[in-house]
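Given below, in the form of structure tokens, are the structures.
In the two complexes that follow, chain A is the common piece, with chain B as its partner first and chain C second.
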Partner chain A sequence: MGIDFRARVGALVPPILALFIGLSASLIIAAVVGESPLKVLEILLSGALGSATKIGYSLFYATPLLLTGLSVAWAFRAGLFNIGAEGQMTLGGVAMAIVGISFPDLPWIVALPLALFAAFATGGTWGAIAGWIKAKRGCHEVLTTILLNFIAYGLASFLILSVFKNPESQVPETAMVGAGYQIPALSGSLGNLIGGTSPLNLSLGFSLLMVAVYGFIFKRTRLGFYQKIAGGAPEVGRFAGVRIDQQTILAMFISGGIAGLAAVSPVLGFAYKTREGFTGNVGFVGIAVALLGRNSPSGIVFAALLFGVLTKGALDLDLDTKYVSRDLATVIQAFIVLAVASQAGLSSLWASLWPSSVSRIGRTAK
Partner chain B sequence: MTSQPILETRDLTKSFGSFTAVAGVSLEFATGQIHAVLGENGAGKSTLMKLLFGLHRPSAGEILLDGEKVSWRSSMNAIARGLGMVQQHFSLVDTLSAIDNIMLGAEVCRGPSLVGKLDRHEAIARLEKLLPSRSLAVPWDALVGTLTVGQKQRVEILKLLFRKSRILFLDEPTAVLTPTEIEELFSVLRELKAQGRTIVLITHKINEVLHICDTYTVLRAGKMVTRGSVSTVTIDHIVESMIGRKLPDFSVDRHPTTSDMVLECLDVKEESRAGRRASGDDGTLSRGKLNDISLKVHAGEIVGVAGVEGSGQSHLVEVLFGLRNVSGSVKILGKDVAALNSRQIRDLGIGLVPEDRHHQGLWLDESCFTNMVIGIEGRFLRGQIFQFRDLEKTTAEWARDFDVRASSLDLPVGRLSGGNQQKVIFAREVSGRKPKLLVCHQPTRGVDLGAIDLIHRKLIELRNSNLGVLVLSSELDELLKLCDRIYVFFEGRVVCEFARASFDRMRIGAAMTGVADGH
Partner chain C sequence: MKTSLAMSLFLVGFSAFAVMNLTACTRSADKGKASEVGGEGKGVATKPGAGIKIGLVLDKGGRDDKSFNTAAFRGATKAAQELGIELKEVESPDDAAFEPALRTFAEREYPLVFAIGFAQIDAVKKVAPQFPKTHFAIVDGIVDMPNVKSLMFAEHEGSYLVGYLAGLMTKSNKVGFIGGMDIALIRRFQTGYEAGVKAANSKAEAIINYVGVNSSAWANPSRGKELALAQYGRGVDVIFHAAGASGIGLFDAAAEKKAFAIGCDSNQNGIKPGRVATSMLKRVDTAVFEAIKMQIEGKFQGGVQYFGLKDKGIDYAIDDNNAKLIEPYKAKLEEVREKIIKGDIKVPDYYEMNKK
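Our next item is the complex of A and B:
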């Protein structure tokens, strides 16, 4: 138990350190360009957490990050690097809109599950293509998922602009989904206590539920066990009778599916239609969420909330500071990712300096 | 001992934190003799060698070369002073010729060193002057990739001679050799000894090497437990010193074999470009490809496959488990497995102890519990959900069956000793799977003598309880001890078959090199 507890506490150190490094480095940059770091920090915090509405916005921005982070984390667990969450999410959003436009009169109890299913299946299929190519042809998923992103953008543009276009709008967006598909904002509930007047909606609960399901699957089920074997010890699985190629395809299907679901808050919970470029890089930030959260359910929640807070807090930088803009949030994220990545690098560097520099001679059998 | 020792250690100690890998070892290597350094995995042999070669700095004690104290700054110092080592895993460039490999890093050049022309003739001439006899020569211009394992080892030895090494360390030199090749190696070593060179063999294979050695030193748990002259010692004494206790005699009853066939391979042949992708294919040359393999295993029988590594054993295992496509028929427990996938084949009742424990057998980062259910997790699932209480209770029983020693089965299996890791695999594949056919590939590689004894007894026990066992091993002695029949593989073919009554070490060894004598 003692060891277990220490390991748990120890696991918290790297992400917190990464956050600290990322924040400090960015504040130093702010100072270099002539902005007071304390002021920047204050704007970030008050902008993100200063009122119920601001907190609501932070949570609203965190909602899709929970799911894209989860998507990337699932793939990581299975030994795969899904850089395609952005494209998968885009197509998921398009699928929601298509269903919502095609069957507008369904009651919400049917409509919402149907739209979610369509988004999952579409994003999943997009992911599974990369999984299939990897399993059968050995082409690395990093390459294929990046390339599939571009195809997804093109496909989405075509569908949004040419097939399901909103005829009354100049903006590249689809028509509205039916009323049954629209998830209302929480604003107004409990006298604006939750989320103030922000567009925060029940998608947050759904996303948190998905994180919990993910945790359960990887802790307790055969599916999670096989996925982990595919990621951690594929040869062991192969000799034990686990079809690793199938697991790879399945992993990319589920990962892509979760990314497809990430469209739920921006599409069904906010705009009620799908705009071109509605994802706003959430798919890529999901990679940072998974890395910072170390693929653990609680870590993903922590990282998604953190990045939600950063996104919201940084919006006020445009107005309230002279020299830095909202892009500082991206800089902070980038530094955090660098810090997380270099921790792995640093420890392996450390390992290579310490024991293995001496293992060149007299290495025993295995 | 004789004259002045060429290399000597006094109270040599090396600690890593609280762990002492080498504790006060004092030993002497006399000039012009062959010395054996014996010990199990983890006894401190590797650390001792690293100290001698300057790859570790001693925590205490000293090293003396030619009677004078040395302190190496790096291994380059040690090599410059005449120490040389042939590692168990050769470090050769397959795509270069033998002579280029030998010269590599000490090239003979005409003209300025960087852009000068390699003078291979000069190098060969220098080398041939150094050779005790032609027996050490290899075809100088042949690509190393085309040489046999024995020849590759000679190239490694020649590399040392070319660098004027006076003390040659050979780490597990017999591990990859056939009996014939071992004899050839020994005659080379004797010639080098006659030239006045000092040779140190680091090994745990006592039987094979002891008779050519002059002295022995046994390490156990970092300490030197005994040393002396080989002429006055028995093997039993050395084994006892190595493991710290007596091994009981290995004499067991063998129940008669039945006629029930558990495995039958008929004309198994790999087509060109056979083998599924993503099968971890090592791009093996044609010599590892199966060519008309036919073999049988009955219930209550241990059948061995002998052969130089890479003669098709790995491919055969993959074929049996549905991981490689072949023509011909494979029947397990009477069922043709061609139409079955790997999971279905496994579920017929076939256990596997794979060759590469660390990659194919165990998931090193995970707990022993987890490792003991891989592939048989179904019995611990209710619906799709794991029942951990049942899992931990049952796997703990399996671990007891095979005497797995771990302070907790929650530990990552990678932290266990090699022997205990192998026992975890056996526990899973035997107690967990309860198979009718057990396939063991290199069942005791990198395993301590105590665990080897336990595994061998268990295999005989399983055989007597009517299990069919197929053992693929490059340790001929292991096969001779366990098997009722032995097939000898050479370049993907079965060259001959021996029944227990007609086992003959030299003849089987000859067959391993392709010399079949029509048996």
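Our next item is the complex of A and C:
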């Protein structure tokens, strides 16, 4: 029990250290260009957490990150690097809109599962293409998923602008989805207690549920076990009769499907239609979420919330500072990712400060 | 092993991304200085707008697009310098950022908040009812609420006028039009232009091209140039663009082919002096400035305000760069302008044509 506890604490050290390093480095930059670091930090925090509405916005920004982070993490577990979450999410959103426009009159109990299924299947198929090419032709998924992103953008653009376009608007967007598909904002419920007047909606709950399901699958099920074998010890798996190529395709299908689901909050919970470019790089930030969260369910939740807070807090930097803008949030994220990626170095740094923890960090870092 | 290779690839990419953002950060350093203008004026008590805070939420093109957003920012900056208001502007990276930006201004009790561009219609519709005491002004979109002023421009009138000029100028009886994104707003430019061309020269034919169908069409100068070269190649000798930053390519093509171009939104006569016949002006700057003035004087009201040739909200540019070039046609153009203002000439309006 005691050892387990200490191992857990040890596992927390690298990400927290990474956060600390990332934040300090960025604040130093802010200081160099002439802004008080303390003021920047205060703006970030009060901008993100200063009121119920602000917290609501932070959670709203964190919602799709939970799912794109999860998508990338699933692929990581299976030994794959999915950089295509952005494109998979785009197509997931388009699928939601197509279903929502084609069958507008369904009641929500049918409509929502149908839209979610369509998004999962579409994003999944897109991911599975890369998985198939990897399994059958050996072409690296980093290449194929990136390239498939561009095809996804083009396909989405065609469908949004030429087939399902909103005739009443000049914005490149689809028509509205039916009423049954629209997830209302939590604002108004419970006297604006939760999320204030922000567009925070129940897709947050759905996303958290998906994270829990992910944790369960990798801890308790055969599917999770095979996926881990494919990622961690493919030779052993092959020897034991596991079809690694099938596992690869399956992993990319599920990873892409989860990325497709990430469109639920921006599309069904906010705009009620799919706009071109609605993803706003959430698919790429998901990579950072998975890295910082080290593919663990609690880590992903922590990282997604952190990046949601950063996104919201940084919006106020535009207003309240002279020399830095909201781009600082991306700088902080980048530094955090760099720090995480150099975790071997961090671990030894930590070990020199606290020698007794060294073996545990080494073990949990694997 | 493979994963670690992928990882290092990713790291290289991400570091590059970070460096890009660092430069973005330093770029915003001079942004801060620009926004300070109002603050300096605060000390001078004589300025009527001293201490009044004005918020400006720009469209995705950003403050430096050299046409639409730049015009809005220019108007607000002028108000900061002349009237002494305190200006804060925000650029939106994506559609989801409009709403929180507008809301933040309203929460901080900015009396007047501008939403620049039709992309913000939905966001204004959501935020404005929640802050009935805050005034909002939206450019290029109509939001029917008591605290929202909609600033609309008669783009077709100005397009008719420059179309008329193109019709007079052409020797080959072929003129061109290059639109940015293929949407109703730009079709409005196009139909006005075509009508003007026909009115001036019934034999003239207009060749129409669009850069694209999505928002990237506003920022593709090389495609703009390619389309312009193709049109000049077909015998066209005057081209009018309504293509945002993509239109910059037109001026290069005009200089290369020794043909003529007509600018749009802002005064672009100086981009290639002697090659730009004139520029159709859409005075977003004037509209923004006037709205701020009304706010200061307590005369701000909701509703739709139209700008056209009559009030010079729509105009065409004459300066040292094109004075000689336009001289032979000026009298005729002024006559047409008067006729449009009086209603003797009815310019076809794409919006009206497509109302059901």
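Before moving on, here are some points about what is shown:
In the analysis below, the second predicted complex is superposed on the first by the 343 of 366 C-alpha atoms of A that agree within 3 Å, B and C clash if a C-alpha of one lies under 4 Å from a C-alpha of the other, contacts with A are read in each partner's own complex, and residues count from 1 in each chain.
Here is the rule we use: a residue touches a chain if its C-beta (ideal position, glycine included) is under 8 Å from a C-beta of that chain, and two chains touch if they have at least 3 such contacts.
If you're wondering where the values come from, they're calculated on a predicted model, not measured in any experiment.
Looking at the superposition, the partner that touches the larger set of chain A residues, chain B or chain C, turns out to be C. In the superposed pair of complexes, A:319 makes contact with chain C only, with no contact to chain B.
By the touch criterion defined above, A:33 reaches chain C but does not reach chain B. In the overlay built on the shared chain, the residue A:232 is in contact with chain B alone; chain C does not reach it.
Of the two partner chains placed by the overlay, only chain C lies in contact with A:142; chain B stays clear of it. By the touch criterion stated above, A:278 is placed in contact with chain C alone, chain B being left untouched. On chain C, the positions that touch chain A within their shared complex are 2-3, 6-7, 9-11, 14-15, 17-18, 21-22, 24-26, 28-29, 31-33, 35-36, 88, 90-91, 93-97, 99-101, 103-104, 108, 118-119, 121-122, 130, 181, 183-185, 213-215. Residues 135-138, 220-223, 225, 229, 232-233, 235-245, 357-366 of chain A are the ones that touch chain B when the two sit in their complex.
Chain contact summary for the complex, chain A toward chain C: residues 29, 33-34, 53, 57, 76, 79, 81, 83, 140, 142, 157, 161-162, 169-172, 197, 199, 266, 270-271, 275-278, 280, 287-288, 312, 315-316, 318-319, 321-328, 330-331, 334-335, 337-338, 341. Of all residues in chain B, those touching chain A in their complex are 41, 45-47, 49-50, 53, 55-56, 75, 85, 87-89, 171-172, 175, 202, 277-280, 321, 323, 341-347, 352, 354, 356-366, 374-378, 381, 384-386, 418, 445-446.
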